[in-house]
Amino acid sequence: MTRQERWQNFADWPLFIASLLFLAAYAWDVLDQPSGAAESLADIVLWATWGLFVIDYVANLVLVESDKRWRWFYTHLIDLAVVALPMLRALRLLRLLTLLRVLDRVAGRAVRGSLAIYMGGASVLLIVVGALAVLDAERTDPAASIRTFGEALWWAFVTMTTVGYGDYSPVTATGQIIAVVLMLGGIALLGVVTGSIASWIVEKVSDADAEQAAATAGHIHQLEDKVDQLQAMLREVLERDAEQVRAAR
Amino acid sequence: MTRQERWQNFADWPLFIASLLFLAAYAWDVLDQPSGAAESLADIVLWATWGLFVIDYVANLVLVESDKRWRWFYTHLIDLAVVALPMLRALRLLRLLTLLRVLDRVAGRAVRGSLAIYMGGASVLLIVVGALAVLDAERTDPAASIRTFGEALWWAFVTMTTVGYGDYSPVTATGQIIAVVLMLGGIALLGVVTGSIASWIVEKVSDADAEQAAATAGHIHQLEDKVDQLQAMLREVLERDAEQVRAAR
Amino acid sequence: MTRQERWQNFADWPLFIASLLFLAAYAWDVLDQPSGAAESLADIVLWATWGLFVIDYVANLVLVESDKRWRWFYTHLIDLAVVALPMLRALRLLRLLTLLRVLDRVAGRAVRGSLAIYMGGASVLLIVVGALAVLDAERTDPAASIRTFGEALWWAFVTMTTVGYGDYSPVTATGQIIAVVLMLGGIALLGVVTGSIASWIVEKVSDADAEQAAATAGHIHQLEDKVDQLQAMLREVLERDAEQVRAAR
Amino acid sequence: MTRQERWQNFADWPLFIASLLFLAAYAWDVLDQPSGAAESLADIVLWATWGLFVIDYVANLVLVESDKRWRWFYTHLIDLAVVALPMLRALRLLRLLTLLRVLDRVAGRAVRGSLAIYMGGASVLLIVVGALAVLDAERTDPAASIRTFGEALWWAFVTMTTVGYGDYSPVTATGQIIAVVLMLGGIALLGVVTGSIASWIVEKVSDADAEQAAATAGHIHQLEDKVDQLQAMLREVLERDAEQVRAAR
């Protein structure tokens, strides 16, 4: 285990908890719109959790073997962007990506075995985070139709399932970018649901094939046994011949 | 067969008929909005059928082997919720879930072999029940657009196929929750249709593979026969050798 | 070839041409709304082609072997409905189903090998027929938004791809039933497109498996050759033993 | 390599660069709506790049072997249409098809191996080109809702993911034809996403089958070795027998 891997093993759970804190603070910030000391507190949590991700990025960059550092840097430019860009207030939404990546890394490890649970969890997370983010982006626009969290949640469901009634739709550029992310998530969700069902049906069909393959394998085993017996019998023949030769001499 | 299994075998058909009665009474209650004695009758049927499900739950809990009782209780918390929550008037819609579960248990056993019939039946049931439920939820809201059963049925189709024109869309929280269930049903429907077609096409391709596997299996059988003949021939050699040895003595 | 099969071979092409005539007359009736002599002509074509389908149904019923007649009748109740119901003016739309069935029977035989061409043709036909039918149904309703064939065609595309903007949507019961048929057609189209791509990808993967299976089959053939050689050698051993025995006597 | 193949190898990159120039000039023409000298410049680029495609078509027709010329002409009628029709101002949009075809030919060769990258690139290109084209078509219509590039881009995403809110939808015939192309692209995208996921899941399942097939192949190899040993042993028997016979003489 390299120093970097040891760091990642150590950092995963703190980052996961930081992500949940970030999510809670973000939800509180959007839903309650706290002011004064409360706003400061929410802001501190948001920035502190973001700080942890900066530390994780720097630690990874420092701890990677020095001959692979440039390669790691080049192959993790997205990580750099996700960590560096939210310093601009306008791009603070990108911190949500950090959140999604960490949840994917930690929670994914636990449930990826069960694709259904993983996909269900990711969908719910995407809908909740998308609803929070779109509410935050739209609420202040005078032309917006999405003005409460209930409406945002309903809109997120309607979007992610690609139903798209159009009773609510984002009007700000930020809201529309969030909508595109949700739509792509919806297409992925559809793909996983469909793919799982298709593979389940295909599997049932190929079970018959697998049974035949197993039967064939069984016949080959019997064949091996018979050939082994043949060898034993031939060895006996050879020994008797040898005996005969000895006896004949 | 345990006492619990005997109970389930006995209870399935009565519960199935109770579900149909429940569905009929619910449809009557929603579509006709009976008053006076008629309303009482509908209510009695709704509560009586619900009572049967309570009896079924209690019977299962009592009849399960005593050492497995706690395990059964923990693994059937959803059943408890579905049975207990509709006692609150606001959650009486949840009784529809009971209905869907029983229909799944009884009708599913009959047609699950044919995925297409099962999925078609489930879709029709979901659309009809969803239309009834959304009509019940929306009708009393002054801002609602869904006001007749025809509109509700049309809306349910538009939602479940993920078309979503937006000419009708639910405005109450209850109606929106029902809409989400229909959307998820629509995604599952799409998945099954797509998956079935994909597996049908894949199957046609893998038929060729299966033929080759069958041919290979045939060759292996011939091989076994030949090896058996070899053994017989070698046995003859050994016997003649033994004869020779005897003759030589 | 039974008498019934000979009839079907004879009737397929006339029915196909009658279907095209029916489609042309229906389109003319809907798009041009002819009056006077022209209307009578269109009506005559529509009724005459329908008459051909009645003749086909009766001929099938008469020409089927007498001991299978009841079975044919019971298993073709849908054909009876499709032929008999359009006698009512309100259900004349059902004659379109006759059209779709004949096109499927004749054209399907030609192109079914190529699923993509078949599905593409069926989709175009469904969109054109659906647009004609919905225009016919909606045009006279004061609340309708679909009033020209262009709008009907645009609406049919928007519906069948499950996009569903909602800029046009049917308001009559007939129009909504046509919409449901188009939506189901859209789901089937999606299923075929997705399923074809999935099976194409799966096929590429299973090619590698098939190659291994072929290699295995090759090894088994070599094995058979070697065992044949073994048998030949053993036969030689047995013959020499026999010679020795003869020589020893 | 025929003269035609040498031409294609030579022409691909210039045509690719011409396509990018065409795309840039088209985007400039639509977004900036240049007038005077600038408009002339954009027009010159648009016509010059189109001229290159005419040259490519003629060169292919001239350089193909003379005995295959008619066959090439008949099998490339679509190329002729794509090259000849945009001479009419009203059909200049068709030049976008030329663009898509060349990008497919050149860029496709590079990334087709990775279906995901290819499909992602094609989707982005389709959305950008579709947004430009719909903006060009709709902007001048008084009833149009799509009036800025931002709205056109948002509309293209909403259409291609089949969400279809209906907040923006094309009202001109040209715009609606572009919309249909985007919808079909969306269905293809859904198909590729779903198909890839399905095949990925199926692959994981069939890995187990492949392992068993590999194990079976391994057993067959062992079997061959054993039969080889048998042959060697039998050969020994035969030689000893021959020795005995020689010794007995």
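The letters A, B, C and D name the chains in turn, as written, and every chain counts its residues from 1.
Assume contacts are C-beta pairs under 8 Å (C-beta built on N, C-alpha and C of every residue); 3 or more make two chains touch, one makes a residue touch a chain.
Per UniProt, the chains are A, B, C, D = Voltage-gated potassium channel.
Source: prediction; values computed, not measured.
Visitor: List the interface residue numbers of chain B and of chain C, divide the shared ones by all numbers used, and answer same when the ratio is over half, different when under half.
Guide: Answer different: the two copies use largely distinct residue numbers here.
Visitor: Please determine the option from B-D, B-C or A-C whose contacts repeat those of C-D, over half of the contact pairs being identical by residue number.
Guide: Having compared contact pairs by residue number, the answer is B-C.
Visitor: In whole angstrom, what separates the CA-based centres of chain A and chain C?
Guide: Centre separation, chain A to chain C: 41 Å.
Visitor: Based only on mean CA positions, could you tell me how far chain A sits from chain B in angstrom?
Guide: Each chain reduced to its C-alpha mean, chain A and chain B end up 29 Å apart.
Visitor: Where does chain A touch two or more other chains at once, residue-wise?
Guide: 162-166, 190, 194-196, 198-199, 202, 206, 209, 213, 216, 220, 223, 227, 230, 234, 237, 241, 244
Visitor: Mind listing the chain C positions that touch chain B in their complex?
Guide: Interface residues on chain C, with respect to chain B: 115, 159, 162-166, 169, 173, 176, 179-180, 183-184, 186-188, 190-192, 194-196, 198-199, 202-203, 206, 209-210, 213-214, 216-217, 220-221, 223-224, 227-228, 230-231, 234-235, 237-238, 241-242, 244-245, 248.
Visitor: Under the stated contact criterion, what part of chain D meets chain B in this complex?
Guide: Residue positions touching the partner: 162-166, 194-195, 198, 202.
Visitor: What residues on chain D touch chain A, complex-wise?
Guide: 150, 154, 157-158, 161-167, 189-190, 193-202, 205-206, 208-209, 212-213, 215-216, 219-220, 222-223, 226-227, 229-230, 233-234, 236-237, 240-241, 243-244, 247
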